[in-house]
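These are the structures, in structure tokens.
In what comes next, subunit A is part of two complexes: it sits with subunit B in the first one and with subunit C in the second one.
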Partner chain A sequence: MRYVNHEAVVKKMNKRLIVNRIFKTIFFAATLFALLVLGVLFYRIISQGVGYLTPEFFQNFGSRIPEKAGIKAALIGSIWLMCVVAPVSIILGVGTAIYLEEYATKNKLNDFIRMNISNLAGVPSVVFGLLGLTIFVRALALGNSVLAAGFTMSLLILPVIIVGAQEAIRAVPQDVREASYGMGATKWQTIINIVLPSAIPGILTGAILALSRAVGETAPLVVIGIPVIVHFLPDNLLSQFTALPMQIYDWAKRPQEAFQYVSSAGILVLMIFLLIMNSIAIFIRNKFQKRY
Partner chain B sequence: MVQLLEKGSASKMETSSIVYDTQKLNLWYGNHHALKNIDLQIKENEVTAIIGPSGCGKSTYIKTLNRMVELVPTVKTSGEILYRERNIFDANYGVEELRTKVGMVFQKPNPFPKSIYDNIAYGPRIHGIRNKKVLDEIVEKSLRGAAIWDEVKDRLTTNAYSLSGGQQQRICIARCLAIEPDVILMDEPTSALDPISTLKVEELIQELKEDYSIIIVTHNMQQAARISDKTAFFLNGEVVEFDATDVIFSTPEDKRTEDYISGRFG
Partner chain C sequence: MLLISCVMVKGGFTVGQKHSAQKLSVQELIQKSSGKKKKKLIEKMIPIILLLIASVSVLTTFGIVGTLIVETVIFFKEVKVTEFIFGTEWFPFANTEQLFGILPLIAGTLKVTAIAVVVAVPFGIASAIFLSEYASDKSRRIIKPILEVLAGVPTIVYGFFALTFVTPLLQQFIPDLKIFNALSPGIVVGVMILPMIASLSEDAMSSVPNSIREGALAMGSTKLEVALKVVLPAALSGIMASIVLAVSRAIGETMIVSLAGGSTPKFDFNVTESIQTMTAYIVQVSSGDAGYGTTIYYSIYAVGFTLFLFTLLMNYLAHVISKKYREEY
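For the complex of A and B:
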């Protein structure tokens, strides 16, 4: 008794292959759609904005006249912001991840904390803006300064960094940890010599994605009252400032058509900023990967 | 038998003192009672083999000897293990100190994703040796001790992962020798290796016992018979029989030992 009728299989084979091809086409079309939208977006922004990307654009502050409007304050402001966000969020995030993965014992409280960190990653950014307004701007009286905005943004991206770092740390095989403990290494020696070197590429990938989000995020800045028209550069962490997404948002909502083009130029600057950040991160990541 | 008598002779008895004295050791994983009233005395400069079917507690026991078993959070123990007359469960006995004297080789070769040199130098470095010349000497001595120096001396800077499984395991043994331990624990060190690599590791164990006390868990009864001086047979978390290897494999006292070594179960 045979259960597989080979003749019937051959007869139906054509149909199966056609179905296979149909699905391949559908999935390809889905990919193509996303690429197309991205392409149109890029084309529009570049064609509109590139004319405004002059040296003066980088040297001028904001202005009512589109031709004189520049991005200097916002660009420098965003760099200042990142100088606060990157160290604060990475130190706190990686520290938390190390504690949760390597030191914390498995109990209900720690499981609860772990679960809620993942949930925090899904909280809308405007809520973090309100938190920042209450705690940093008002309670700690930091005002709408670089520091207050930096702390707020750090809180916003902290869950993403923690979860990413936890995954990277968990991906380090248990048996190399055991090898290290087996030779009398302390927990810290094992973490610094064995766990972190293997986990750093993964930690950096998560951190870069999170920082990119912080550069482009607008809502928390609006809530904590970051001004849009700033005619000076921040000179310390308590200075007022503005940031790229705020400036772009402000230009985009102005009635004059020329400001649409200025806004496109601003978006180009923001994207180049992100590209540079990602390149630096990829460079660091590759450097670490070569060593191990 | 002649060999055995020699070992039992008076002069040897005085020098071969007890390294590990396990007294009424019980161990639980949560509610599972994994080790029951273990009493075992392990002597210096001998190879002690621990055999038994899967789940009999032999790996748990060897991991208790350097307290690696405590990496499992639900573990509870009672009783004592005296290492050189000191209870390893004493609150003021640090695991780091214990593990510096008691090295371990694991079931699966687990080199670090670093160069061969850095793998061997890892132990000395964490214990504070920074001098490059001293480290060089330790690396060479350890690699020679693990009989792998000639194979790797020209590529000490290459990643240890590029070696074969058998070579990796000997690197792990060399890494363990680099901390100059007193005892070496081996948890099925050849179970992931091919027969030729297994043979090399077995020969190595024979050489190492001149300088170290070795406790080896093995699935392979022929291996236990080939390389060990004493054999302990574990079953369901208990020591069924512990005696000279020749006795265990020729005239075991317990029926269960006989059944196991003759392949009737396990």
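For the complex of A and C:
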């Protein structure tokens, strides 16, 4: 007597396995879609822009004539901007992370700070632009300067840096801290001499990734009124400037077709800028990351 | 007596020499204890300084909410609140009578967001299922960094891509499509938020314990059945939260819609014509020369405040979903 109809089971099972295989292919295709878009995007930009990447492109200032348009002011401006954003955001971010991870006890104030940081991460960048426009550009009268834009960008990426630094500090095992206390070190000595040195690769990796977001961010710069055609280089923190994404935005808006190619070239420069920053981050992560 | 004292001094001297190292350390101890006050002061000051640094982020929030409210209140002195919330026409640049009804801007934002969700959710969740349930370690190691790159592409680049590639491509299929429309930026915003949905959902699925999967497999389920009937329901709260967060990102997205969406706010459901979103309006006004102190100048704060409330609501919703419906194993 047979309790199981073997043929029926095989038939049913085969059907289910085929459905499984079909869906596997669908899921794989969906994943490929993202990669395909990325491929098309890069192909378009490289094929359009590479012809415009001449030495003159890096030596010229912005211009209304596509052939004479260059990226010098924007490139230098972006570097100036980073020189403000990097120290300000890293000091504020790491300080906050140390406080939250090492000192903060569980009370209402600290819970509020934590909740506040996660909320801040969800605020659209254009709203940060409104903050910068009101506080830094107008109230503090910094104008549309490197400093005003730098402060705005620093606040924008602050939550990202804090979260990254918190994770890096949390990854330092408790034993090392205990050992340091056992040697008679105080809390601050332990943090400065033990915790931070081993957390620094993680902190820097997160910070560089956050900074590369600041390099490509456009909306806050538009809102605080950064000019697009600038025929001089910034010489101090209060001078006017323009930045790579602003320049690209301006070119992309222009109706002449030739400017499409100029924008592609500008995007290429921006992407290379980002690529260099990300490579540094990966290099730091691989080279200095300590494993316990 | 003199001799004895001499010997004693001598003895003392030799003893001193012998134990000079020890004596020094005692001196050090004394120095240390005198420096201890300074050290104690540092130990006391550091948490206060760090707390001050940490309060910058709180101040930022207060700054944002404060400026938005203050400037919005000024705006509402000139425009009625009811007209702003319920008005279906937005003509701030009209010469005769300016109209500030925000519904057309909200409609623009929602059109783009809806299209983005339609694109991003199926592709995002399918990628997440593939990465978490089917992919080998090797292909995961290749695909995940590429998704990260996709997430790291600046939005201005996506905007350029939407305007110069996606729109002309769509125009071949939809001849009526205008140069500025909701469809093309919607699709591209979808691509932009796709990695976010994929990686957050994948995290949620990966945190479903393997024992449950193996249980289902042992009962004779195929991988698909495990994924759809076991893993997906278990990870649902995380997946929903990721979608809500992505929606919040889409609502706040600025450069893609500024470049490819146009600047004619309309209160309808047409996606082939030029639109304007809340974010794009803020950009339009601030990149033009709307004089400081005009009604148009204050209107960007009112729009910004509305935008802020929308994203705040979404983020709160995501928080509630992931906290309330999380399944603990």
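By definition in this document, the second predicted complex is superposed on the first by the 252 of 292 C-alpha atoms of A that agree within 3 Å, B and C clash if a C-alpha of one lies under 4 Å from a C-alpha of the other, contacts with A are read in each partner's own complex, and residues count from 1 in each chain.
The working rule: contacts are C-beta pairs under 8 Å (C-beta built on N, C-alpha and C of every residue); 3 or more make two chains touch, one makes a residue touch a chain.
Just so you know, these numbers come straight off a predicted model, no measurement behind them.
In the superposed model, A:237 makes contact with neither subunit B nor subunit C. By the document's definition of touching, both partners, subunit B and subunit C, reach A:186. Put simply, more of the residues of subunit A are touched by C, taking subunit B and subunit C as the two choices. In the overlay built on the shared chain, the residue A:106 is in contact with subunit B alone; subunit C does not reach it.
Put simply, subunit A uses residues 186 to touch subunit B in one complex and subunit C in the other. Within the complex formed with subunit C, the subunit A residues making contact are 13, 16-17, 19-20, 23-24, 26-28, 30-31, 33-35, 37-38, 40-41, 44-45, 91-92, 95-96, 98-100, 103-104, 112-113, 116-120, 122-131, 133-135, 138, 155, 158-159, 162, 186-188, 209, 212-213, 215-219, 222-225, 245, 248-249, 252-253, 260, 263-264, 267, 270-271, 274, 278. Within the complex formed with subunit A, the subunit B residues making contact are 66, 68, 71, 73, 95-100, 103-104, 106, 108, 110-114, 122-123, 126-127, 159, 172, 175-176, 179.
The touching residues of subunit A, counted against subunit B in their complex, run 105-106, 173, 175-176, 178-186, 189, 193-194, 197-198, 292. Within the complex formed with subunit A, the subunit C residues making contact are 39, 42-43, 46-47, 49-51, 53-58, 60-61, 63-64, 67-68, 71, 122-123, 126-127, 129-131, 134-135, 143, 146-147, 149-150, 152-157, 159-161, 163-165, 191, 194-195, 198, 220, 222-225, 245, 248, 251-255, 258-259, 279, 282-283, 286-287, 292, 300-301, 304, 307-308, 311-312, 314-315, 319.
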